[in-house]
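Look at the two complexes coming up: chain A is in both, with chain B in one and chain C in the other.
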Partner chain A sequence: MASSNWDRMLRIDLNRRTYAVEETTAQLEEYVGGMGRGVKLLLDEMVAGADPLGPANRLIFSTGPLTGTLAPMFAQTCLVTKSPLTGTILNTYAGGDLGAEIKFAGYDALIFEGQADDWSYIFIDDGHVSFHDAAHLLKMDSLGTEQVVREELGVAQARVITIGLAGQNLVKFAAILSGRRVFGRGGAGAVMGSKRLKAIAIRGTRGLDVYDRGAFLAAVDEANSVINKELANEFSLLGMFSRHGTGSGMGVVNEQGALPTRNHYMGYFADADKIDSYAYARDYPTRIISCYACPVHCGQVHHINKGPWAGLVTRGPEYETMYALGSEVLNSSAEALAKANDLCERLGMDTLTAGTAVALALECAEKGIIKGEGSKLKFGDPRAVLTLLEDIAHRRGLGDLLAEGPGVAARELGGEAPAFAMQVKNSGFAAWMPRRMKGTGLSFATANRGGCHKRAPIGAEIMGFVDMDAVEGKAAMVKEIQDKVNAIFTLVGCRFSEFVLPLESYLALLEGATGTSLSAEEFMTLGERIWNLERVFNVAEGFRRKDDSLPGRCYTPIVGERSKGAVLTEEGMNYMLDEYYSLRGWDSEGVPQAAKLAELGIEAYIARMST
Partner chain B sequence: MKVQVKFTSLYRVRTRIKETQLELPEGSTLYDLLAAVDALTGGSCHTLLYDGEAGRPGPNLLLIVNGVPSARLAGYGTTLKDGDSVAFVPPMAGGSLGSFGGGASVWVLSC
Partner chain C sequence: MNQSPLLVNEESCTECESCSLICSIEKTGLTNPKLARVRVVKRWPQPPQLQICRQIDCQGTPCVEACPTEGLYVSGREVVLKEEECTGCLVCVEACPYQAIWFDQERSVPYKCDLCGGAPRCIEYCFVDALLWQDGGENG
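And now, the complex of A and B:
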């Protein structure tokens, strides 16, 4: 029978410059696709303790069964690898057209392994793979590389993913660029750099079919009608994202004193309206862009046509970057923020962890922890931010230390620095405050990839559906959203799809596309199974309760307007963590118990945790 | 008494006001504040503030009083006091969020 899955993957060995097409096993198919497939593969193929920047690490680009089809909001690609930033398993996502192109080339997933001696780039042209020298590209930024690779190959429509200087220099939070979209979190760009792989180009010309065209198209129509109804209301979340991008929600966060400001010292940024989406739309020509087959089109490309960086054209900044390189460092210049955003894209760095590392440096300078030339750094000076970003990517001076991640850098800087390095497991905080939103704090602490906002009860807390300051009941909310989003990420549904599509819609689309029929309960259990597999991976790497923790600043009161005095207590955090571990079926150290793994059908992995 | 009123996001665009101070009688509630804003904007934002002719606050409003959503206080009946700060923010709610609290499932947003 037809299916939207090819049931085959392309494996590329960078040492030997060979490639092979592999059939997917039935056991792997149980994980549906996307994140599930990637996590299972990495766990099975990589021994515990292996160097994330060594040849044993894999870069697994994993699509979902709905990628490349007409299903709306399924354009992203999942990337699974071991993070050099955190030492944990990592899954990170980029939108755009890459996933569809992988499917059109005839694969569900691409796996890169080994480590080449010389820099190369790879061209996957349907069934043919070629290796190309990349030494001449090393001085080029990510976006320039994309253009040159396309020209050299003579294939204008190829999708090209690249790393920038940060990836080449193994900056621990280096990103992988996919056109104007980014695999941002966790340092996948450094893994690609460690393999001396500068770029991957891919062209697919095959068509995709689905299991049951009638049922699938009916499910697509249903999903579209729900989404379109939402988009018609300009005050709905997607309606706002569609018109003004993710930065349209800054006001609701800021006015509740929950916008991290000045390295999380404050929760209110008086200049937020100078850098939010409306400020960009008002002052600069703005064009809306969309991912493959997505009616939401939340991407915003801004043309900065005045000021010191006139001529700059950049996608974003997104809301999260408005925090990391805006409020967090007291940068109220929309132009400087656009420049910092563009710099991170060209150098290939995660704006979130870069921003938290920079904010750490600014505060260390202010407190006299950094001496010498660096002591002149100060909040509110956008030029200092731009210089530090360059220094990080080049690994110059203080930048070389910051390139190791905010947690590692803070330990090295010493003094009280670790207390205000806003990170979990060395991964920088996303744009939310644990002191103000307690459930989100628990999500940050327990996230398998560290400091993650993708699986947090942010909406319920920020919209006032639950008391954001309460700790009671938060553990159950966090567990549910973690499991649910993991399940959605097996389909590689956009995170925003969860705002609008009912669970039944995902299941109908999956069944129409592949014939796989799952109940809502089975779908949620799939998410829980994957969450536990990730946890097994991390436990085998030595992660325990002590690592599910927040920096000291979270236990001191917020200063300033709107949320003055809001605080998370250590008792409150322990209460949430105890309840969370209990609900998860983990012991008090956060180790999954054998009975839980057996219940989820993954008891074969119990042994890994004792290695 | 004086109440500081701030318009964020789309409200800033529609009212063309960033921030202003309103003089309200003692004991005024958020209902009274809406009426004052309606008058301030000369009725141009009436359909934004109210749900049709019913006189009910519109579905696309979320008011934050001193950093706390009105839903966590006494709703639109919340009594204001001198020096209070009220922000108009878009609710950003929709779709599956509506089922939150329905008992079957917790649907929550994240960005």
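And now, the complex of A and C:
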């Protein structure tokens, strides 16, 4: 029966330099694809307590049933692994066109396991896999590596995944690059580095089918119609992103006093309009780009044609990076921010956790917690940020400590540092303030991958559909968005698709592509099942309520304009957390109860939590 | 002035490749830009090259000039490829300045954009007007 799924995965063993094609089991197919497949595989294949930087860890690049098809807003690829940054299970996403190429090569997923003695890169050319020595690439940055790998293979249009120096040096928040798109969060780059895998090139020439072409194309047209209607409204989120990129919302967030500034000390950055999307488009030649098959085209390419870094071309920075390497460190220079963004791509690091680690260092220097040479660091000095980013990737001096992640570094630095290390489970905060947006705060605290904004009610809170300051009702909102986004991530839909596509649209696309028919309720339950599986994984690693917590700064009032005095109380946080655990069917320690797992049909995993 | 009914504007292209995808579906039933008759070649950081036949907008129609048989000829505003006349010599593939003629190994014939007989599907899926259908022109 025709389907957009191949029901085949490619497994590559880096110890033996062997590969095998595996059929997917019916049990795995129940998880649809993308994140669901990845979580299920990792949970089943990796024992609790295994070293994320050891041979037992897997790098699972998992596509969805809509990846590679004409369906709009399904360009991303999901990557599941155990995070060396948090110690939790991790799912992280890169846009662009990688996932489509994996599908065209004839696979739904790529699984890398083992650990080689020598550095290599791999070429997946449809059904053929070859291993190549990579020792000569180790001095090259991620983008340079991509170019050389293409030249060596003689395949100009191959998609290439790489790591940079940070991944090689096992920086705990190292990223994996797919062109200029980034698997940013959680340190997947360090996992790839631990396997001594410098790059993966892929070329796929196979055509992808669907179950019912007529029904599928009708669902595509319906989705495009809904999306294009939203895009026509220049004040909708997608309408703004489409015209000006994700950084177009920075002013809106800033006006609400919700833009994390100066290491989350303030919620308003006076110079926000010097580094937002409008500033870039005004001052530098800009070109708009899309992910694969996406009409939203929220990507922006900026040519920095003046100043100390004239000649630099970057994709982005995206909004989240404008915060992490901009407002959070009081960087008012669009040029320095572009340089910092480019540096993180070339070195291969998550801009978010890198930014929070840098901000931590700046504040520690200011407060005298860091002594000696590092004590001269200060906010508002972009050169210091660039130097620290290099030091982290090279693991030099203070950078070596920051490379362990902001939570770990703060404990080591001592004093009151842990209170202003803006992280959850050692993963840096995204660009949102728990004191201002309470539901988003609960999302950060409870996220299975730590400090995560992808399953937060950000749109509802920042657009004012709900009272952002209220704690009441937020637990239910957070649970719903977590389950829903997890479900969408089985198809590997873009996070932004949730802003616009109704559930029926996802289900119609899925049915047209694969013949799989799910009700909205079943789809949401799938998301909940995956959320619980992740939780089981984390509980088995020792995570409990104490880890679902926010740093002390979130419980002290915001300083400065627009949101002065806004605060989250410990009482409010506990109220939300208790309600959340209760709604989830988890005990007061955040451990899923047997009845909940049974209800979700995953009672077989109860035993894992008692090991 | 006579013009191709299909206007191509590479500067506007955002590289989503939807044109290629609907083209490959239309022509082969399967999805893969590598099967399409319009292809987007990314050239970071410059706008992409759009590989698609420019029809009579192509100066001197070199494929027609190069073809040793009657396999390629101008008809109205179009450049028409007639498979039956093709000997598979591939000089047209070499001659095309837009790299917009490909060779089907299995069927041993070249292929290129045929404007879908006057209603090209790619136009429907290009939301940024990088590909535009223009009516009018002397033969329009």
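Descriptive notes on the structure:
We take it that the second predicted complex is superposed on the first by the 611 of 611 C-alpha atoms of A that agree within 3 Å, B and C clash if a C-alpha of one lies under 4 Å from a C-alpha of the other, contacts with A are read in each partner's own complex, and residues count from 1 in each chain.
Operating definition for what follows: a residue touches a chain if its C-beta (ideal position, glycine included) is under 8 Å from a C-beta of that chain, and two chains touch if they have at least 3 such contacts.
Fair warning: this is a prediction, and the values are worked out from it, not measured in the lab.
Partners chain B and chain C, once the complexes are superposed on chain A, both fit on it without clashing.
When the two complexes are overlaid, the chain among chain B and chain C that reaches more residues of chain A is B.
In the superposition on chain A, A:A50 makes contact with neither chain B nor chain C. By the touch criterion defined above, A:G207 lies against chain C but remains apart from chain B after alignment on the C-alpha atoms of chain A.
Of the two partner chains placed by superposition, A:M609 touches none, neither chain B nor chain C. By the document's definition of touching, of the two partners only chain C reaches A:Q157; chain B does not. Nowhere in the superposition do the C-alpha atoms of chain B and chain C come closer than 18 Å. Shared contact residues on chain A (touching chain B in one structure, chain C in the other): none found.
Contact residues of chain A toward chain C in the complex are 68-70, 72, 97, 104, 157, 179-180, 204-210, 213, 217, 224, 228, 231, 287-295, 297, 299, 301, 303, 313. Those residues of chain C lying in contact with chain A across their complex are 14-18, 21-22, 24-25, 28-32, 34-35, 41-42, 44-45, 47, 125, 127-128. By the touch criterion stated above, chain A contacts chain B in their complex at residues 226, 230, 233-240, 244, 246, 248-252, 254-257, 268, 273, 276-278, 319-320, 431, 453-460, 462-465, 467, 476-477, 480-481, 485, 495-496, 498-503, 561-563.
Of all the residues in chain B, the ones that touch chain A in their complex are 6, 8-13, 18, 59-60, 62, 64, 66-69, 71-72, 87, 89-97, 100-101, 105-111.
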